[in-house]
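What follows are several structures.
Each of the two complexes below includes chain A, the first together with chain B, the second together with chain C.
Right after this comes the complex of A and B.
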């Protein structure tokens, strides 16, 4: 109990101290910055407060795009992992192609997606989908295939059919990997969504807000978008953690 | 087994490459110190003769190396900077390189930016000063395909209109509001990327275009002038000034003489470039092959029209027309770029060095 409190208290204290130093201008001194380059926390909060409805709306646009894209991308990735498991000979090629997709930089992908989709939302979902496929495909594939040696023997000894093996053995076995992939994809999807908005045919979203305001010297506004973006990222990460805790209670990492 | 060995091979190769690279980079600093500037910009000078005491100077462009900045490239290639005892380095810009921030942070000594954007930074407290006005006219157009039927600002109602935003939207805001169009309700403003694909694919009805760049891209993609309708900000009375030169107060206070010499050489470069845009396009193309020679030459010709409009004396290149500046400031305030009227005095803009350089 004491340890738990300590674990929370120290980071919290550190955070508060950092904000205080930032507010009082020491951070500016160390980094040799002026307040109009890096706004102080209070100014950021005030700006955010004054523009809250717009910031929340933009956050909603980005998050919904990121979420839908992540779901589609993860689903495709999972399907490819399944195909690669069932048809190992040629299915593995699909995995390699997906990994190659993953190497494409988002800055290159975003303008390309503009060619196929005319709205900012569709473009965003397109970018996030591609970004999220690889992590899920590779992780799920490894989960579906890295089986404990004796478990496969057991399945064979009871003459289980392939489908049964898949349902009873492979699928549960890959759940921890799937969640690992989700955790990777949450961060990746938000980053991808935000960067894609730099190039999107739209003026909505956190990415556009950050880029546009920082360019126009509206630093406080730009920073309040950055704050919203990181809060949203943390929030979604927590949701995934809670979900994981409930779905794979049996796994060693959760005990 | 086979796969593993392959992987190992790849790893070993990667290691060797990285070793090589680090070996190169560790030996580099000594040589780059002396060679970088002369290598990047003053190709004309032979590196063998050791120059006299040269003052180092850096200019930050607003965008990629292209004929938009041909005056500086011309001056560098003809050795005008060298003649003035300046070792110039030309830093290209990009979509997220902001000249105001580069110059303020000391990455560059002089910057090229749009007046409207500079006014915004000045109003936020950045101690920056405009010292020369290179473009005398606005190059901003709103183009649309002829079949869309946009011949006047009123026709924009209900349409999808593109802008690059980030400070480039205010002429369009001014155009709309001057014609009683509500930019929130009457039409949809969307962000444009740096290609013209959105208008070519009819994803948007009207697109922002600079006379010297994007309009040329449309022509190169097979459209002719007759296929396009154009709203010109100069004709619509909402023109804001674009490319100007600016410095920080701190830097100019210590480098007055250096800047005057720089300006003199730059003006000479611009005069040569405007007199012979074909040659200027070639010079820029030689410095950077990011776009085709044809496009650089097209751009050079269009830029010449902005730097020396009809009836403008080439000797006065860089002249600050305070009326045009005032209009830019008024529009910027009226249409929301600035929250209070711009301060236009010696602290923000001065012709002092221009007069000194053109004496």
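Right after this comes the complex of A and C.
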């Protein structure tokens, strides 16, 4: 219990100290920045407070795109992992191609998606989908195939069919890896959604807000969007953690 | 008790290792096992005892020779789900509680739900884990986990019980207790048991016959009938007859150059 308190207290104190130093101008001194280049925390909070409804609306646009894209991308990635497991010979090659997709920069991907989709939302979902496929495919494949010694023999000894082996052994065995992929994809999907909005035709979303305000030198407004984006990322991450704790409470990572 | 049930005919197994050398794990082993018999495959590591067990279980195909069980192939027996196997490791699925681990093969075999529950209760009691049914494997010690693995195999009431060094990871006290328990259980079920071990006293205590295997290549060196009265209790381990058998088997290994 004491340790738990300590685990929360130290990062919290550090965060508060950092914000205080930033507010008092020390961060600017160290990094040689002027307040109009990097606004101080209080100014950001005030701006955010004044523009809260718009910020939340933009945040909703970005997050819903990120979330839908992450779900579609993760689902496709998982399907690829399943196919690679069922057909090991070509499946493995398929996985390598997926990793190549992962190396594609979002900056290059966004204009291509603009050609395919006319709305900003669809374009965003398209970008996020591609970004999220690889992490899920690689992790899920590893979970579906890295089985403990003899666990397959146990199945064979009672003549279990392939589908039963998949359902009762491979699938539960890969859940920890699926959650790892989700945790990677939460961060990746929000970043991908924001960056894709830089290139989109639409005028909504956190990415557009950050770009537009920084361009107009509305630094405090731009930064308040960044705050919202970070908070949203942390929030979704926590939801995934809670879900993980419930679904794989048997796993070493949860003890 | 006298009918030959499992015939092992000239079974050989040759592996090729990474360096491309051929390794003779089993060299033309022949053996007849009677119905309801308790036999041990005894030998040091590398003698092919586990290999032979896996071939009988149809988890491995021999490079030569064949095995006939009640006129059928090991594959037929496996498809008919008549094997119960206890592995060297507990092989518990981490995401299932103790009860649900024992339940797993029965689910696959389509044992009715009521029947499953009563068999789980019975076997948990038998291996002394009555209060641990709802625990997850990680909450159990290694010895307890292995006992769950044994309960899982026993719950199938298998016609053929194959055990691959099931007690080798346990301490001497637990091992001796479980030896006694195993005999008691076997007395009730009358399965045919093939028990792999490298422990001479254990093989003498448990078996009707001890099959002595020697390594490089894995060969059948001797078959020793153990004519000790049943039911056997742990006191038997202190009797002169018991020591005689242990000494006799130890001699088998000394005679063969290893």
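Basically, the second predicted complex is superposed on the first by the 255 of 255 C-alpha atoms of A that agree within 3 Å, B and C clash if a C-alpha of one lies under 4 Å from a C-alpha of the other, contacts with A are read in each partner's own complex, and residues count from 1 in each chain.
In the analysis below, a residue touches a chain if its C-beta (ideal position, glycine included) is under 8 Å from a C-beta of that chain, and two chains touch if they have at least 3 such contacts.
Since the model is a prediction, treat every value here as computed from it, not as a measurement.
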Chain B versus chain C as contact partner of A:120, first or second or both or neither: first
Partner chain in contact with A:158 - chain B first, chain C second, else both or neither: second
Which of chain B and chain C A:75 touches, first, second, both or neither: neither
Which superposed partner A:208 touches (first chain B, second chain C, both, neither): first
Partner chain(s) touched by A:248 [first = chain B, second = chain C, both, neither]: second
Contacts of A:111 with chain B and chain C, given as first, second, both or neither: first
First, second, both or neither for A:175, with chain B first and chain C second: second
Doubly contacted chain A residues - partners chain C and chain B: none
Partner chain A, residues of chain B touching it in the complex: 95-96, 98, 100-101, 104, 117, 120-121, 124-126, 162, 165-167, 189-195, 197-198, 201, 203-204, 337
Complex contacts: residues of chain A adjacent to chain C: 148-151, 153-160, 164, 168-169, 172-173, 175, 248-252, 255
Residues on chain A engaged by chain B in the complex (per definition of touch): 34, 36-37, 110-111, 114-115, 118, 120, 198-203, 208, 211-212, 214-219
Interfacial residue positions of chain C with respect to chain A in the complex: 57-59, 78-81, 83-85, 87-89, 91, 93-96, 104-105, 107-109, 136-138, 156
